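Listed after this line are the structures, all set down as C-alpha cells.
Each of the next two complexes has subunit A plus one other chain: subunit B in the first, subunit C in the second.
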Partner chain A sequence: MTTTTSRAPLQAATRRRRPFNPRRAGAWALLALAIAVSVVPFLWVLRTALSTNSALASNSASLLPAEFTFGAFMRVFGLQSPADAVAEGGSGAAIDFWLYLKNSIIFSSITTAGAVFFSAMAAYAFARLRWKGRNVVFGLFLGTMLVPPIFTALPNFLLIKNLDLLNTMLGMVLPYVFMTPFAIFFLRQFFLNMSREVEEAAMLDGAKHLRIFFQIVLPNAAAPLATLALLTFIGQWNEYFWPLLVGSQDDVRVLQVGLGVFKSQSPQGAPDWSGLMAAVLVSALPILILFAAFGKKIVNSIGFSGIK
Partner chain B sequence: MTTLAKHARSAPPQPGAPKPRGGYRRLGDLKIALFFIAPAMIGFIFFYVVPTIRGVYLSFTEYNILGDPTWVGMDNYSAIAKDPLFWNSLAVTGQYVFLNIVLQTALALGLALLMHKVAKSTLIRGALLLPWMMSNVIAALLWFWMLDYQIGVVNQFIEWAGLPRVAFFGSEEWAIPTQALINTWRHMGYTALLIFAGMQAIPGHIYEVAKLDGASPFQTFRKITIPLLRPVLVLVLVVTVIGSFQVFDTVSVTTGGGPVNATRVIQYYIYQRAFTESDFGYGSAIAVILFLILALVAFIQMKFLKGNESDLD
Partner chain C sequence: MKKSLGAVAVAAVMALSLSACGGSSSSAESAKGEINYWLWDANQLPAYQQCADDFTKANPDISVKITQRGWDDYWSTLTTGFVGGTAPDVFTNHLGRYGELAENKQLLAIDEAVTKDNIDLSKYNEGLADLWVGQDGKRYGLPKDWDTIGLFYNEAMLASGGVTEDQMKNLTWNPQDGGTYEQVIAHLSVDKNGKRGDEAGFDKNNVAVYGLGLNGGGDSSGQTEWSYLTNTTGWSHTDKNPWGTHYNYDDPKFQESMEWFAELAQKGYMPKLETTVGAAMADTFAAGKSAINAHGSWMTGQYTGYKGIEVGIAPTPVGPEGKRASMFNGLADSIWAGTKKKDASIKWVEYLASADCQDVVASKAVVFPALKASSDKAAAAFAAKNVDVSAFTEHVKNKSTFLYPITDNTAKVKGIMEPAMDAVVSGKAPASSLTQANEQVNALFK
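Entry: the complex of A and B
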C-alpha cells in the first residue's frame, strides 16, 4: 500500500531530471544481472527439457535445445515407451507423474484448507473474544514457532507409526491440518484491526459468535485469508522432509519426493538429464501458474509476513 | 470477495435469532472461545507439545522402534560428545551457516538498496522472488544439472574462461560452498524484499535532513539506513541462521552427505541415525542439542542486537 502511493511522484521526479547518470546505469546493470541470475536457470531447464539426452553432451552450451524433442515431457507424462526413451538417451528410469501430482494436490489442498480455516477460528478467539488466560495461551502457541521441525518430526513420525498411519494420506496431513503457528499469528493481526462496530451491531441484533465469524469476520478478511492460503499452499507443495518420512511409498508419494527418487534411479554415469529437467519444470508448473496469477499479492505480502 | 463482504455487511438481522442469555455474559467468552480454539488446540497439543516432551524423553533412551525405549540416562549425550561424526556435522553445518549469512545478507542488502534507489517495480521484485517460490528439491536438481562436472553449462563457461573445471558436488572443499550458493540463490530475493520493505518504512524526511547537512550517500547509508534497519536486519539474521542450521533437502537430493563426510550436516546426520540406522534415542539426543543451539542463537541475537527496539519509535 505505501509503495504504490509513494512510488509514482518519486519516479517521475528522478527520471525526468537527469538524462544519463553513469551510477544509475551501473545500478540498473547490477539489478539486471540479479534478475538474470534468478530467471535464466529456468530457461536453461526448459532448453534442456526440450533436448535429447544423446545430444546434450556434444552441445553443452548452445542456447537452443539440442535436437529439439518433446520426448522428455512425454516420458514424464508416461506417454513414451521405454524403447523410445532409451533411443533418445534416457536411462529408462520412470516417474509415475500423474499419481504423484494427484498426491501433491491432495496433500497441499487438505493441509492448506484445514490449517487456514482452523487457524482462523483460533485467531478469532485470540483477537475478538475476551477470556481468561488468552494471552498466555497465545504466547504458548507462538512459542511453537521456535521448535525446529526436525525436533518434532521424530516423535511425530513415531506417533503416526503407532497410529498405524504410515504411508497414508491421513498420516501425512495430520500434523499440519489443525493449525500452523504462523497462520494463527498472521490472521490474529488482521482480526485485531477490524472495527468492532459491525460486530457489535450484529451482536445487538442477537447474532451469535458463530454467525459473526462466518458472516462478518471471514468475508471481511477475504484478502488476508487468500494471501495466507496462497503462502501456505506454496509451502506445502514444496514440503519434502515430512512426506519423505511418512509418505515414501508409491501410492502416497508427493512430487518433491518423487523427483528425488527419479533422480536417484538414474545411474551415476548417465542421468536422464532432459527427463529430469522436464519433471522439474512440470513439478514447478502449478507454482508458476499461481505466481503468474497472484504474483503481486505474494510480492506485497512479503514485507508484512516477514516483519511481523 | 468484495461482493461477499458487501453481502455480509448488508445482511438483514434475523428476526427470530435468540437473544444472548444472562449468565453467558458473566462467564466472559470462555465457553465460545474454547469452541473456536479446539481444533487448533488439538494440533498444538498432539503435534507440538507432546512431541517436544517425547523428544526430550527419547533422547535419554535407547530405542530402535521395535520394542520399548530403555532408559539409559545421559549415555546418548556422552556418546555424542565422543562421536567424531557429530563434531564433523557440527563443523560442516557451521561452515554452511557462516557462508549463508555472509553471502545472503550482503547480496540481499545490495539488492534491496538497488530496488530502493532505482526500481520499485513489482515485476522486478517478482522476478527476484521466483527462486524462493521453488522447492529446495527443485533448486537442488536445477543446480545439480547446471553445475555438472562433465556437461554442466557453468563448467563450460569456466573452461572458456581458461580455468580448470570445478567438481562442485564431488570435491570435499567445494561441496559445502556449493550447497550454500544454491540456498543463497533461492533466498536472496526474498531476503532482499524483507530488507527493502524495511527501507520503505524509513521516513523520507530523515534523508532530506541528512542531505541538507551535506552527508555523502555512503555516510547516509552507514549512519541512517543501517541503524534504522536494525530490527529488520536482526530478523533476517535470525531467520537465516535458524533456517540454515536445518539444511536437509538439498543435501539429501544432491550429495547425500558426501563426498566422504563433507556435507553430512546435522539434520542429515539425525535423519541417518534415526531412520536409516533405527537409532531413535541417539537421533533424538542430537535433535535436542540442535534445538538448544538454535534457542541459544536466537537468544543471543535478540539480546545482543536489541532486535525488539526500533530507533524509529
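Entry: the complex of A and C
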C-alpha cells in the first residue's frame, strides 16, 4: 500500500525540485510514526518468539531476543520433544500445527465461499427485486445485527448437538455458511447502485433473474465481493468461541483453538510466551499472504464503489 | 472477555448436562482399545506420557491417548464434552470442580473396583484419598498429587537487605501489626530512590521492588493469596470440610486479616490489584519486581527455572495460634460416567494412582505425588536439582495443613466472592463488606 502511494511523488520529485513544504514533511513524519507503531509490536512478537522463556523475564526490556533460539518455532511445528521444551522453560504442550492449519483453511474457506455467495443472492433480492414487505424484512434482517453472538451460541450448540453434528466440519460451518446480515447489507448497497438499463436490456433479450444475477450482477460486483470475501475470511480465521464449543476434537480443531493450549497450562502458571508468540506469528502468516495478494484489490474496490 | 463468555457457556451447559448424562456400559470389549485421557498441566505431560507407554506395555490391549488442554479452556471443553458425548474417558480432576460434576452424575463411582483390586488407601498422604469421597459416600477418584504453599524469595534481594535465611524460616505473623513477616516485607520494599519501606521518606507511589508479590484477590479460596495467613488465626472457610454448608467470611477474625492484607498494597509493600491483571506473578518476580512470592509447590519448577535468579523457598509464617498453615490441595483422576471403556479406564486410573506411575512423576521433580513413598522420592529428585522443598513437605509432616474447601455450589460461591474479594484487596471496600457477600453465599445452601 505504501509503495503504491509513494511511487507518484517520487517520480514527480525527480522531474522538478519542490520547495520544502512543512505540511508535507509533517504528513511524512506522521506516516513514518504510523508505520513504526504498527511494525514495532510485530518486532516485539518476533523477538519474544526467538527467546527462551526462562531468560525472558529477567531481560524484559531488551529489544534483542533473550537467549536466541528457534526452540519456540520448533515447538509450534511439533519438532521439539516435550522434555526439551520443558528444559527451555517452555511447556510440554505441542500443537498438531499442520492439521490445525488445514482445518482452519477448510473452515474459513467453506464459510467464506458460502456466506459470500448466499449473501449475494439475498442482497440481489433485496436490491433488485420488487416484492411486498421488502423493506420491512430488510429492516428485521439488519436488526439481527444487534443480537450479540453469545445469545445464539447455546441454542445453536443444542441444535448442532441434536443434529448429531458435534465435532464435524459441517457442524462448525453451519451457523456461518448461509449468510450474515452485515454481508447482505454491504452487498445490497453496491447492487442498488447498478444501472437499471443494463438489467432491462437483458430482460428484453429474454434473460431471467438467475441469468441476470450470474452473468451481469456478479461479474460487475467482483471488487466488493472480493472485499467481502477477504473480510469474512479474516473474521472466520480468527473465530474462537464457536469452534471451541463445537470442534474440540483434534480432527476438526482449528488453529486459534489450538493456540489456546499455549496460553495457559496450569492455573496461575506463566504462559509459554515464546511458544505463544511463535505460534501467533505463524498463524498470522496466511492472512498476511492474503493481504499481499489481494490488498490492492480491496483498496480499489473501496475507492471505486460500483459502476455508474 | 473471552474468559467470561466461556464461563457463561459453561454454567449454562452445566445445567443442560443434567439431562444428558450417558449411562455407563460395561461390555466384554471395554477392557480393550484406546482410552482418552485429558490433563491441563503441560509440564507434567512428559511424565504421564511415559506412564501411558509403560501402561500399554503391561496391557497390550489398551492404548492411552493423552490430550493436554490449557487450564482456561479445560473445563468448558470438558462440560461440552459431557453434553455432546465426546468427553474423555479419564481426566485430571480438581477439588474445586468435582463436587458439582459428581452432583450432576458425570463421574463414575469406583468403590467396587477399589475394594476388588485391594487398593491400599492408607499409602496416600493423609486425607488425600478422603477428599474424593462425595456427599453420597461414593469414591470419585484416586489421588494423583498434592500441593502446599510456601514463600519463594529472591536470594540476592534478601542479601542486599540483610535478611538472613534463618529469619525467613522463622517468620511470625498476626493480623494486628503483621509481625516479623510485615517487617521483612516492608524492609524488602524499595522505592525508585532506593529508600526501603521501613525507612522515613519511602515513596509508596513509586515502588521499584515490592516486598510481597500479588497474584490476585484470591476469590473464595485464597489458596495462594491469603489463606496461609487467615487460617493461622483459627479461622476456616466453612463450618466443616469437606461438604460444609456454611461459609465464614463474616467472621471478624477473617475480616481483620483481610483488612491487614489490603493495607499492604496501600502501604506500597505489595502491588495494587489492578496491576496484576494479565500478568503472571512468577514472571514479575523473575523480572525483579517483587522480593517474596507466596505460591504453590506446583510452581517450584517455574520459579527455579528462571535464568539469572537465585531462588530460595521458606515456609509460610507462624500465626497467632502458634502454627503455620497451608491449604492442602490435591488432584485426582476421575472417570467419566459416560465412558464406553469402563474397565480399561478403571485399570488406567488405578495405574495412575500406583507407585509405578507416581514414581515416574516423582522422578521428574514437577509436583509431589500422592503416595507417601513417591512424595519422598519427589523431594529427593528436587534435592538432586539443588532445590530444597522442605518448606512444602514440612506442612505435611507437622500436620499444619487444612483442606481445600469442598462444598456444593463452588462455581456460584466463586462468582459472588471474586468481585467482593477484589473490592477489598484493591481497597475499594472495607473488609466488613464481606459480611454481605457471605450472606449471599450462605443463601445458596438454603
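The rule is short, and it goes like this: the second predicted complex is superposed on the first by the 238 of 308 C-alpha atoms of A that agree within 3 Å, B and C clash if a C-alpha of one lies under 4 Å from a C-alpha of the other, contacts with A are read in each partner's own complex, and residues count from 1 in each chain.
Note that a contact is a pair of C-beta atoms (placed from the backbone, for glycine too) under 8 Å apart; a residue touches a chain by one contact, two chains touch by 3 or more.
Not measured: the values here are computed from a predicted model.
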One more residue to check, A:277. First (subunit B), second (subunit C), both or neither? first
Touched partner set for A:142, first subunit B, second subunit C, both or neither: neither
Once chain A of both complexes is superposed, is A:194 in touch with subunit B (first), subunit C (second), both, or neither? neither
Just to be sure I read the superposition right, which of the two partners does A:167 touch: subunit B = first, subunit C = second, or both, or neither? second
In the overlay, answer first, second, both or neither for which of subunit B and subunit C A:263 touches. both
Look at A:74 in the shared chain and tell me whether it touches subunit B only, subunit C only, both, or neither; answer first, second, both or neither. neither
Kindly classify A:150 by the partners it touches after superposition: subunit B alone (first), subunit C alone (second), both, or neither? both
If we overlay the two complexes on their shared chain A, which of subunit B and subunit C does A:245 touch? Say first, second, both or neither. both
In the superposed arrangement, which partner chain does A:122 touch: subunit B (first), subunit C (second), both, or neither? first
Shared subunit A contacts, counted only where both subunit B and subunit C touch the same residue: 56-57, 60, 150, 154, 158, 161, 240-241, 244-245, 260, 263
Considering only the defined contacts, which subunit A positions touch subunit C in the complex? 52, 54-58, 60, 67, 81-83, 86, 89, 91-93, 150, 153-154, 157-158, 161, 166-167, 240-241, 244-245, 248-250, 257, 260-272
Spell out the residues on subunit A that touch subunit B in their complex, using ranges where they run on. 2-3, 6-7, 11, 24, 27-28, 30-31, 34-35, 37-39, 41-42, 44-45, 48, 56-57, 60-61, 118-119, 121-122, 124-126, 129-132, 134, 137, 140-141, 144, 146-152, 154-156, 158-159, 161, 174-175, 177-179, 181, 184, 198, 202-203, 205-209, 211, 213, 215-216, 219-220, 222-223, 226, 234, 237-241, 244-245, 256, 259-260, 263, 273, 276-277, 280, 283-284, 287-288, 291, 295-296, 298-300, 302-304, 306-308
Help me check something: in the complex, which residues belonging to subunit B touch subunit A? 1, 4-5, 7-9, 11, 13-14, 17-20, 28-30, 32-33, 36-37, 39-44, 46-52, 54-55, 58, 65, 107, 110-111, 114-115, 117-120, 122, 124-131, 133-138, 141-146, 148, 150-153, 156-157, 185, 188-190, 193-194, 196-198, 200-201, 204, 231-232, 235-236, 239, 242, 245-246, 248-249, 252-253, 267, 270-271, 274-275, 280, 283-284, 287-288, 290-291, 294-295, 298
Can you name the residues of subunit C that touch subunit A in the complex? 2, 5-6, 8-9, 12-13, 16, 40-46, 49, 67-73, 76-77, 80-81, 83-86, 215, 224, 280-288, 295-296, 298-299, 301-302, 305-309
